[in-house]
């Protein structure tokens, strides 16, 4: 009797489970897990004279990663990512705070206004910055017309402009989790804090910040990590003067280049990502918050 | 007496409004550049100097078959990959919520990878595997790639909805004589609809805007963002700006329509 | 000694909503005052204005004679116990309770001593290191009270603090709160919609209705001498009769209602005035024949047994129902028979100036 019961359960659950979860599994295994493993394998491969990948074990790629020029770029990339993250947080937090605490009639509109720019292709928007900041750009034209400067100012092709572009591209990934986290803070906690004698600034640091820590962590993660790979931003705004790790990888994967070396460079990004995610979890971050 | 407190409130309000205004200016500045430049009469590269107002680019745009073709590719990829990732993701989310099976935590972990890992890593890993198994790069690989990075976002959205899902309504449905499939379509799916819609919207947005992953798996097929990337070296022509402006207007209309629809529903309640 | 809290002509208007209308209220030092009313009557808004979370649109609020409208909540010597407890989820119980003292920069040793003492007082000794999520509803409630009381506020404001607890715990906490209040001799202003809770705990009750203070008095006064039709129906069960005064003599009025004549003791009424008469079910009597003072017939419709009490529902000719309450075992009329309800003259309360309420009640279904 009990056996039949179990049989029935087995038959009625296995088939639907396979039908429902099978396709996801297929995609995640074949197009996420396997390719990443393959990249890891490739990072130990050699190349022949025609830059074809040869399955012959070597440490050479990893040795080349320690090259001084590369080291400089890792440092630069991490620095750009760090500054971008800090700026995004400093701008994004008060902004998310204000819109999440605004009148409910306005809230939805204010929120949508953050998202709408991101429905226009990001390359074009980055190019818009270039049009605005370039030596023949609008800002320079305006400054010259107003006789504030005589010669065009070179705004572009510096680390600063790359950071500007990164902040611009990535700040919604900071604002949105912060907004969600701040929304969740029960207003009566703020009232309670005030009632117990805390001024606004103290309430902010003692109550609001700790309660939105998870949002802060996930925002920082979602800004910092992509920042290492957004090669097109530094290409368009940085003009080769402020490469990020992404630029190094991209060059190796243009046709006919050294894929195994590119694979090894990618491993750096994977390791950085893993470390940061681990830190995120250690700090009490919730992985679900990352899905937006 | 009471003035002091009110004055302080007004001052903080002014400060907040100013701050937000600056941020919105920052967000919308490049967009206004795009819109204005789409009406620039200049015809010489790099199309920067202002040569007067014209709407000619909005007409000429329709002769630029390369540009329109890339836009068509982007739309096809976005629609197909959104459909696929929404179906696969929804089934997956429900399946993983309902059934226990071996390796579930592994799939769960894999789902986070496309979300957190830099896009470039996903892009090159797909490129290497596609070239290894000799899948010719083109529409197929683009769609496969887009489905792959969209699925987790659909799943997380549906899962958020499932978190508040009352299992007893499924049991009630079956108690009332509906089989599993009928229950799924008549009960489970409608309840999850807002999460599914949110996930689909996100998948669509990610797909039409994707540069990095498409850049590595496109082969000869040009999507709209990739077409733009190519033209950046020589200066983006105003017809590209014109198309972007049209897309922007279309999305704003879409957002306004859907949002006001939601508002109306709320009012009815 | 003056009043500890005074509200003078206080108005609160949100857009089109006039939530509190020209409220005057004086709270005595050391008393347990309850603001009682149904949801949306303005009681919570009143409390929040005293705490400083809301600003009055008009009028003045004084604490110990000092105007406080311009003070922020953190500058006021009042503390609040929130309906949702509002415990800080990321702090231990100890840190929650110590929060107010830390804000006042009280020395660490003293903080520790006072927190531990307070925790003993609310019977939470040993819970210092726990977090709010690890506590039961009743324990959270005690933390919320301790966190507010430790600041030795001049007034403690409590916003439906027992609303989320189950019945048994609520009863127990009512007694405990009352005990604490007497022991610490702090003025409590307590908001609730539960009339039984108000009657049990309060020194005085302020009944609010549609933003207006209907009546302020001791529980007994409120029960025995309701000043408005609303108070009469809101506190306890009652039978309401609306009519016009037909005759006044010797401190007694005869009132014509739809179904006949009833009478009550009253010195205030004039002939022709509209009045409302309220009689508690337990004060109702009945006999087989009409008298000159009581001429309404009624048919016995139903009995409802509520433990030791039997409620008898009788129907008047116009379809209105009234209730008569008896202890089990006492004599009651038989089902279906016609009786003539009456009461001792002094057991009825005559309420004046309720024409508006009366008209409104006549439009809707008669409630009793």
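Letters A, B and C name the chains as they come in the text, with residue numbers starting at 1 for each one.
In this section, a residue touches a chain if its C-beta (ideal position, glycine included) is under 8 Å from a C-beta of that chain, and two chains touch if they have at least 3 such contacts.
Just so it is clear, the model here is predicted, and its values are computed rather than measured.
Enquirer: Touching both chain B and chain C: give me those chains, sorted by label.
Expert: For chain B paired with chain C, the chains in contact with each are A, in label order.
Enquirer: If you tally contacts for every chain pair, which pair is highest?
Expert: A-B
Enquirer: Using C-alpha centres only, name the chain that sits farthest from chain B.
Expert: C
Enquirer: Between chain A and chain C, what is the gap in Å from one C-alpha centre to the other?
Expert: Centres of chain A and chain C (C-alpha means) sit 56 Å apart.
Enquirer: How many Å are there between the centre of chain A and the centre of chain B, using C-alpha atoms for each centre?
Expert: 16
Enquirer: Which residues belonging to chain C are in contact with no fewer than two other chains?
Expert: Expected reply: 72.
Enquirer: Quick check: in the complex, which residue numbers of chain B touch chain A?
Expert: 16, 19-20, 23-24, 26-31, 33-34, 37, 48-49, 88-89, 91-92, 94-96, 98-99, 101, 103, 107, 110-122, 124-129, 132, 144-145, 147-148, 151-153, 155-157, 159-160, 180, 202, 205, 208-209, 211-212, 215-216, 224-225, 228-229, 232, 236, 240-241, 244, 247-248, 251-252, 255, 259, 263
Enquirer: Provide the residue numbers of chain C that touch chain B in the complex, in ascending order.
Expert: 55, 67, 69-72
Enquirer: Please name which positions on chain C make contact with chain A in the complex.
Expert: Going through chain C, the ones touching chain A are 51-53, 72-74, 78-80, 82-84, 86-90, 99-100, 103-104, 147-148, 151.
Enquirer: Using the touch definition from the top, list the residues of chain A that touch chain B in their complex.
Expert: Per the stated touch rule, the residues are 12-13, 16-17, 19-21, 23-25, 27-29, 31-36, 38-39, 42, 91, 94-95, 98-99, 108, 110, 112-129, 131-132, 134, 136-138, 168, 171, 221-222, 225-226, 228-232, 236, 246, 249-250, 253, 259, 262-263, 266, 269-270, 273, 277, 287-288, 290-292.
Enquirer: Which positions of chain A touch chain C when the two form their complex?
Expert: On the chain A side, the touching residues are 186, 188-189, 191-199, 202, 207, 210-211.
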